[in-house]
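The letters A, B, C and D name the chains in turn, as written, and every chain counts its residues from 1.
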Amino acid sequence: MATIAFLGLGNMGYPMAGHLANSGHQLRVFNRTHNKAQRWAEEFPGTACTTPATTTHNADAVILCVGRDADVRELLNDQLLAQLQPGTLLIDHTTTSARLAEELAARCAEQGLRFADVPVSGGQQGAINGQLSLMAGCAAADYDDIVRITAPYTRLIERLGNPGCGQKAKMVNQICVAGLIQALAEGLQFARNAGLDAEQVMKVIGQGAASSWQLQNRHQTMLNGEFDHGFAVDWMRKDLQICLQEALHNGSSLPVTALVDQFYGELQQQGAGKLDTSALLLRLPKSSR
Amino acid sequence: MATIAFLGLGNMGYPMAGHLANSGHQLRVFNRTHNKAQRWAEEFPGTACTTPATTTHNADAVILCVGRDADVRELLNDQLLAQLQPGTLLIDHTTTSARLAEELAARCAEQGLRFADVPVSGGQQGAINGQLSLMAGCAAADYDDIVRITAPYTRLIERLGNPGCGQKAKMVNQICVAGLIQALAEGLQFARNAGLDAEQVMKVIGQGAASSWQLQNRHQTMLNGEFDHGFAVDWMRKDLQICLQEALHNGSSLPVTALVDQFYGELQQQGAGKLDTSALLLRLPKSSR
Amino acid sequence: MATIAFLGLGNMGYPMAGHLANSGHQLRVFNRTHNKAQRWAEEFPGTACTTPATTTHNADAVILCVGRDADVRELLNDQLLAQLQPGTLLIDHTTTSARLAEELAARCAEQGLRFADVPVSGGQQGAINGQLSLMAGCAAADYDDIVRITAPYTRLIERLGNPGCGQKAKMVNQICVAGLIQALAEGLQFARNAGLDAEQVMKVIGQGAASSWQLQNRHQTMLNGEFDHGFAVDWMRKDLQICLQEALHNGSSLPVTALVDQFYGELQQQGAGKLDTSALLLRLPKSSR
Amino acid sequence: MATIAFLGLGNMGYPMAGHLANSGHQLRVFNRTHNKAQRWAEEFPGTACTTPATTTHNADAVILCVGRDADVRELLNDQLLAQLQPGTLLIDHTTTSARLAEELAARCAEQGLRFADVPVSGGQQGAINGQLSLMAGCAAADYDDIVRITAPYTRLIERLGNPGCGQKAKMVNQICVAGLIQALAEGLQFARNAGLDAEQVMKVIGQGAASSWQLQNRHQTMLNGEFDHGFAVDWMRKDLQICLQEALHNGSSLPVTALVDQFYGELQQQGAGKLDTSALLLRLPKSSR
């Protein structure tokens, strides 16, 4: 069993760290807003620390799950990296740019540390159930350790390549999701405006060519106007910016993704940034007829 | 067992009529290009007729599966309708406008006939395996007869409402599909341009929020550049026109659907009209890097 | 001077017929809603008739400016055409499909009549000032007569080709306009959200690469939120449908036009169908910051 | 007359610096690739320097016209700023982010320097003819000096607000341009595919609601397939990224701009990055009919 420092106890990190603690690892956790860390330590076996440095001190592995590039940069600053023991494994579950992962991997390598970007998918529910999909970008030699450590919350893990590749795979995920949800929203809106029982339509089209995880898991809440759950528009926009930036570099054309990104922006302006990504339905007109 | 006239032995109609014949119904089939009807009659128990009128003479049910509105209008002309016995059930499996279905239902009612629009989904494979999903628009009183007759090739059937509603449900299906495939194509392109093993990416994202029937069933052929199968771009464009026209009437906004429709038009101009709808990938640039 | 029948005294037709009357032609006018024709006859020298047939009886030329395809078809029915003298020139100023113009030209030719589609641009103001641009689709032999007759309200006229070509040129106009206005709306919105004096920005960018008739003539009203004038969203949508249908046939890809058409649809659902096309600005968010 | 340091003798800077020299100012010029500076010094009265530091030494004003944010940062580094005399006026004609302008203005203020972002429009032709439009972001107190110094190449100048505001106005310009050109390209393509004489169509629609600088000045070259001039796709993409980033911050929705940006990306992948922005026409299909 290992000593693991876990930084970032948000919707995802909180239950992930919990799984690690429950599986017997020695957990030290840190959260910017300390009372979440305290609550965590009451619920799970492990220690709530008050600074990143004390949390990571002598840890075998340091795991992060925070917000965005800037947040990771702030935590994994030179000072903190300098304190870590040689060979320490850093696993970043944050969805960030690939560039950040590449930079950090290079900086870690210089210090004898091992860095892996391992963004996840599966949502808060997946984190709670320990059923996440993990996309790893890491040195081949580090992969087994990552698999072992992350096992308590992992349903599926793949190593996509060197550092940065985990993030790139996650981008593919988000690109596939954005257009898909808009398409589903257009379909649901149309069903409703056509005077159909949209629920029933989803039942009959839900097995074939139109079917998707989103259709299965979101059509009902969308039709009910429930968007107060799931993956927030604000997060999605952050991720789509990352995708669009990376596409600039790798020469991909993302017309629908770029368009849907703007639609998410309209939702943010309407104050819907905290709602689930399926809130795209809210932008579409209810027929006045 | 009933006497059934089946008009249109294309990719879909041929196997559908076959299932009916194999299940014991008395089949009379017609196809514009007669040799397909002859071939059918060699493969299945039933009679190949040379005109719609002889095919439908004294039939209990008349089933169509042809191309588009104009084709249905041509076949179900006043002369033909006038010859049918009162109470005959007409089932149109063609994907058409809802307007056509409404018109035909009205004209049939005047003549004491019963009309149902029952577009299908599931593709040629679904037709061959007798595993189609059927979306019925019909009088409530006619539904049981439709369920019984279509059972040999049906996995799932729902009555969505009166005539026209089957077509409207099929439109929802196509709207959900169009944006979804474009999103998937953008994702696959990105994966490739990012230097990832796209196959592997699909494996890891294929269970969660990005997952879809298209991702599961098409990513491999898309990556292999195989588009010579499935549902043709030309058919899709026909269907999207129907959707966009209906949206004009019911007040829906379909920005992504309208955009993808134009992209399908670009494929048609490139001579890709006969390829599968997943050919959207062909429009997207392979990175020059 | 000729005897001219003018059908349709809407925003455009009313002043156009007035110019003809003022220039010395013998005018007989018809309007579906008769009191407009009466009002016209009080303002201009000419006769208000109560039926299309009496209006067009023995006329040298029949001019139309009504709403859409169906309206033209209704007026120029077989009965009416049969009553016209051989050689009568029919000039349709309505914006319609090219298909309609082609059909009518063929039907007229059969009856020894001469048909020309001559859609206009320049707006109500251009009609009032007699400063319209005319796009003629007609037999070469008829062009001189058309030029002569339409002179009182024409600033510029071109013969683009045979019947239908006038409408196609008008479509080019509308395609250029739709994306342009959306771009302008995006720019104005951005200027405002950026905290700039948008008026001043228009002044400085209004001479160069970003400049356009719309920028010059509409930015002020757009910024003032004045949309109660000009060319209505409902008319624009009708026209864009015509463009998109024609593009289907001629193999053009209109991604931005198709997208903006959906945005116009959203305006219609918001009850803004009667507002000027520049109302696209209303769809865009005012920054909450 | 003042001593002016001019950094960046590209398509724009070369003639701009020339106008300054011709109008009697004492010019010292620098270009990364020195032979351009030498050529310049042969053509105009002034001195070609070999380093930014020698160029700017004791200058009254320092003017830049280089490529992008990073280039400006590289030139205006702390070392160079520290060498400038208090009160020196820095005028950046580069199109950059507003953020850069704000940062530089703050850093300059700390050093007793005066910074203004003054992006231009009018193209290389405007630079050669001394007929540019200038959008100034500067302290009110500095505006008169800027007007005086830039007069030799300026047709129109406006102060839009404090530093950053010039760049924001230029963004409005680019947003208006991007969608406008795509609309024009769609129209020209349509005209051609419709079998019209596109030149003639432009003539007849070129006065009214569809008219624009781009239509007037680019339709002929677009139809001739001439794109080897003007403002390059690569520059446009740089600018649109700046616009889209700023829109993220100010809450604007730019659906058409975002879409056209992707289309420009497709051109880049086709190797058309150096062509004029009007090359959007190349993406659109020539009808196979």
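For the reader, a short list of remarks on this structure follows.
Just so we're on the same page, contacts are C-beta pairs under 8 Å (C-beta built on N, C-alpha and C of every residue); 3 or more make two chains touch, one makes a residue touch a chain.
Just so we're on the same page, UniProt names per chain: A, B, C, D = NAD-binding protein.
If you're wondering where the values come from, they're calculated on a predicted model, not measured in any experiment.
In a homomeric contact, the two copies may use the same or different surfaces; for chain A and chain D, over half of the interface residue numbers are shared, pointing to the same surface. With centres defined as mean CA coordinates, chain C is found 52 Å away from chain A.
Separation between the centroids of chain B and chain C, computed from CA atoms only, is 39 Å. Across the assembly, chain D contributes 247, 251-255, 259, 263, 265-266, 269, 285-288 as residues in contact with two or more other chains.
Taken together, the touching pairs cover every possible pairing of the chains.
Considering their complex, residues 98, 121-123, 126, 133-135, 155-158, 160-161, 165, 168-169, 171-180, 182-184, 186-191, 193-198, 200-201, 203-205, 207-215, 231, 243, 246-247, 250-257, 259-260, 263, 284-289 of chain A touch chain B. Residues 237, 241, 244, 247-248, 251-255, 258-259, 261-263, 265-266, 268-269 of chain B are the ones touching chain C in the complex. Per the touch definition, chain D reaches chain B in the complex via residues 255, 259, 265-266, 269-271, 285-288.
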